[in-house]
Amino acid sequence: MKLLPVTCALAALSFGSHAYAWDFVLLDSDKPASNLRITSEQLGLKVDKPFSVSMRTLHGGRQEGVSLIDIDNGTMKLTVVPTRGMNVLSAQVGSVRMGWDSPVKEVVNPAFIELNGRGGLGWLEGFNELVTRCGYEWVGHPGMDNGELLTLHGRAANIPASRVTVHIDETPPYAIHVRGELKEQAFKKVDFSVQTELVTEPGAAHFVLNDTLTNNGDYPKEYQALYHSNFSTPFLEEGARFAAPVKQVSPFNDKARADLGDWQTYRAPTPDYDETVYNVVPYGDAKGNTLTVLHNKAASLGVAVGFNVQQLPVFSLWKNTDTRGQGYVTGLEPGTSFSYNRRYQRPLNLVPTIGPKQQRQFRISYTLLTDEPAVSKALQQVKSIQDGRATEVRQTPLVDLSKE
Amino acid sequence: MKLLPVTCALAALSFGSHAYAWDFVLLDSDKPASNLRITSEQLGLKVDKPFSVSMRTLHGGRQEGVSLIDIDNGTMKLTVVPTRGMNVLSAQVGSVRMGWDSPVKEVVNPAFIELNGRGGLGWLEGFNELVTRCGYEWVGHPGMDNGELLTLHGRAANIPASRVTVHIDETPPYAIHVRGELKEQAFKKVDFSVQTELVTEPGAAHFVLNDTLTNNGDYPKEYQALYHSNFSTPFLEEGARFAAPVKQVSPFNDKARADLGDWQTYRAPTPDYDETVYNVVPYGDAKGNTLTVLHNKAASLGVAVGFNVQQLPVFSLWKNTDTRGQGYVTGLEPGTSFSYNRRYQRPLNLVPTIGPKQQRQFRISYTLLTDEPAVSKALQQVKSIQDGRATEVRQTPLVDLSKE
Amino acid sequence: MKLLPVTCALAALSFGSHAYAWDFVLLDSDKPASNLRITSEQLGLKVDKPFSVSMRTLHGGRQEGVSLIDIDNGTMKLTVVPTRGMNVLSAQVGSVRMGWDSPVKEVVNPAFIELNGRGGLGWLEGFNELVTRCGYEWVGHPGMDNGELLTLHGRAANIPASRVTVHIDETPPYAIHVRGELKEQAFKKVDFSVQTELVTEPGAAHFVLNDTLTNNGDYPKEYQALYHSNFSTPFLEEGARFAAPVKQVSPFNDKARADLGDWQTYRAPTPDYDETVYNVVPYGDAKGNTLTVLHNKAASLGVAVGFNVQQLPVFSLWKNTDTRGQGYVTGLEPGTSFSYNRRYQRPLNLVPTIGPKQQRQFRISYTLLTDEPAVSKALQQVKSIQDGRATEVRQTPLVDLSKE
């Protein structure tokens, strides 16, 4: 990768209301993606953990022309994919990687994917991220709804971002904000835009997604959102556990029903396991905030995914403990909805509506739990949010898929 | 936008039969799109209205890699989209804009559109132009015909142009010709090419499309063409009117039937109006030339769309007087055919055939009517073409869609 | 085409185990396609037939961004299309061209093709090569199988190659190897990679494809391969003949059945002929090697296509002797399978399985037979492989398509 010199990077600097406003445009209608690099040193910032944000472009195969943004906050290295819905490809602290190994090795340019292919499963040809945005017109399994084939998990992950910027706060801790806009527009059908934001702080083993969905249309419109957050080793292993403040849990289908008793623990990579999915209704605290935790068997390493149940009231736990080669991965998926086709979720009241010009905020935090005390503290938080409230373990799926 | 210096522009100059032949290649198989700019000044032309033709490329979002050609004829500024069928994005004279505000804000690269998505309505994800070419293998609503899903309005608008050139006439008025070829080819299916041309003259508030469809195949082939020409304010408003020499008018469907009495006048932006469509068979003059006019309530501003009924025998009036945010727009659409699915148009004799190596010409003129006398003169022309001949107002749609 | 100077080409040189290892990376994830040119002269090679390998990019239309590799081995000029499955566009020796004239004139970027369009025939919008790779998840006519629409002839031809390299042997005859990897991956569906290789020697009127399919997945998986090798004039003409050591031949369908008596001879371009296809089970020699020959009426010019029946046990002869304009072409198509939809080929045992981490090799050789002795010698080889063994001429198609 050839990097543009500092002067080029700074040429992208636009002056705001302050003497030094650190706003950089990485991509815009009149600005192609380039091999830009922004560093704390260039900005004259003396921070304990020097940071950098850089951009590069992939070539060859189905990843031709895909832009990547690499953020190194001094502790955590994150890669964001503007060409794929500002998805987070991976996050790494030292040798610990949040993310997974999909059979899909390329970061696939949506230009080469037919979402309508494979009976609506074309999305699977690009699925390999740590966080894959699902929505916002719909999420869930492919199938007909209102006479139209809804493709798996909607379009968001395959919408290239329109205007991508980096903002560095001018005051400590100098938080780094990477923003990109997704336009989900079709005449007479939908007029959504999603202002995505990833925020991380220099030195933190932590990042936040902070998205704003706007219905620019003049009519109320159904929407759905789901943040497909995917983890593998070293968190996922035999005996790894999932914890959350749970109001209700139910199996997604009959297969999951058979394993319901073990829904919170994980298997080793298991040939022919395929997947089981559990539908969770989490409890939140007084403000609606909740926390879900995945940790290894020894409870010495984990991740915490936090969100607000007023924004994202339900949660899918996707246990894809198949072989490593097929994808040994679990998905922690806060959403407005489960992963059923949209037509099944209306009766469950899981297809919300957004009014004209209204906005919806989705804030999800991702924290690496680097040691036993960190895991323990997070589990305490889960317990504290549960606060002794009952958990309903529902034996039967919410949707009877046998009638399909 | 960085512009190449004059020398580069002139390097594109190819010498014809004259001492100075002003022919520029903007795009070809061995010539990528570049930020070229050609001006009357560079050409040493002393014209009252200096003109320029320039090219630029859009980035980010679903418009990544889309080329635009901006033509400023000194009076009218036009933008043509080579990447999208040489469609005319907009035309502007001073503050008066021909075109409309679609919810689709990007100029979408066809690489990111699945025309077969949304049940064949994928076309709607890119629809926002002043003139969108529809055809040429078929036009009309999506649906099955001969065992194949025909997608909305065919492929033309989503075919990138192959060789794009600019020709400036060497004699006054130095007409500017922008040409691009569309190849609509599939082994065993279709072998069409369309030489598109946009012509405008320095200082004119007027342009012409002059397209030539060629069937390069060895067999006769069905074809359809429709020029989806879309206007909004300041022409479209409550009380705005449409005029044409009309032989027959009929409602497209039952909804349009209900409003048939007012088919020539327009509503203000109307929530939940959606659209009504009227099928018009226009009269032409002795040579087949006809003129259709849209003007504002005061008849002080309008547009005239002229064509020849031997080339384009029918016309659709699309009244999409929905809210501004949803798209407040009317389409004046000369065509070989109406907007029904092709299978419905064969019995109407609106699916013509083009023989092997034959050509069809489609010439459509667009004129801004800048004041009351101009509108009045155009309406006189309409009246003169009608020439007292009768108008059949057919109460029922030509196609019974209830059987669908 | 602007060519990079020698220094740039050599910059791509990576050092292997020898003092001079001639390995060039033309395209990789961090290396975009460029107008590179490698010549025997640059390498300091004194060969009778100086050779070159160069790369260029096409622009405009649906071929925007398509990379081509031109190989001139001193005798034969080959063009390979990395953006389209490393297909071989054409091979030419003097005025003799291996390949054909498809109505599809562009080398179409897969980004602009919907394989699922046209009822699964979208592939036809890009079909124009001398050798089009078909497979590897499936081949054959479109249709439903296991609840999924299989599109015509699979995805291989529309997968852009991921890492493209050129290797020149360091010892005479200095064979030229052009390699590119195709990744056919979808989570839960398929995890194939195909290392493609084209090999030719300086001065030879001959090239070889040598592909390795790997199932990277952990489960056995069905696969199919078919090398759609297409020839026209000067080989194909009225009275041209096809020869092969044939164990069994049968008509593909009822139309082919009617012409079964003449299955080895060709017609002149014939309006409305469309196509006939014959399913051939070839004999191989003791090692499984076999040879198929197409030659002109005078038997003075031909092509030989060789392969191994252990790798590719069956063969389709596609006789598309329609008019020149529609495509006057014959396909010699060694494969694991015929061209029926996959669901029809399972009962024929023509849908093989590849185990986890297993590989399959496909080696096909293409030789220009430049004169009567060369044709005669090749026909002798065919006879020698047949070795007097019987040919079953099966009157009825292997699959009863009337039940479809």
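Lettered A, B and C in written order, each chain numbered from 1.
Note that in this section a contact is a pair of C-beta atoms (placed from the backbone, for glycine too) under 8 Å apart; a residue touches a chain by one contact, two chains touch by 3 or more.
Please read these numbers as outputs of a predicted model, since none were measured by experiment.
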Rotation angle superposing subunit B onto its copy subunit C by C-alpha atoms, nearest 5 degrees: 120
Proportion of interface numbers common to subunit A and subunit B (over half same, under half different): different
Distance between the centres, which are taken as Cα means, of subunit B and subunit A, whole angstrom: 42
Residues of subunit B whose C-beta touches two or more other chains: 65, 111, 114, 116
Residues of subunit B defined as touching subunit A within the complex: 1, 56-65, 102-106, 109, 111-112, 114, 116-119, 121, 124-125, 127-128, 271-272, 274, 322-327
Residue numbers on subunit B that touch subunit C, as the complex places them: 27-33, 65, 82, 110-111, 114-116, 147-149, 151, 159-164, 181, 183, 185-191, 216-219, 356
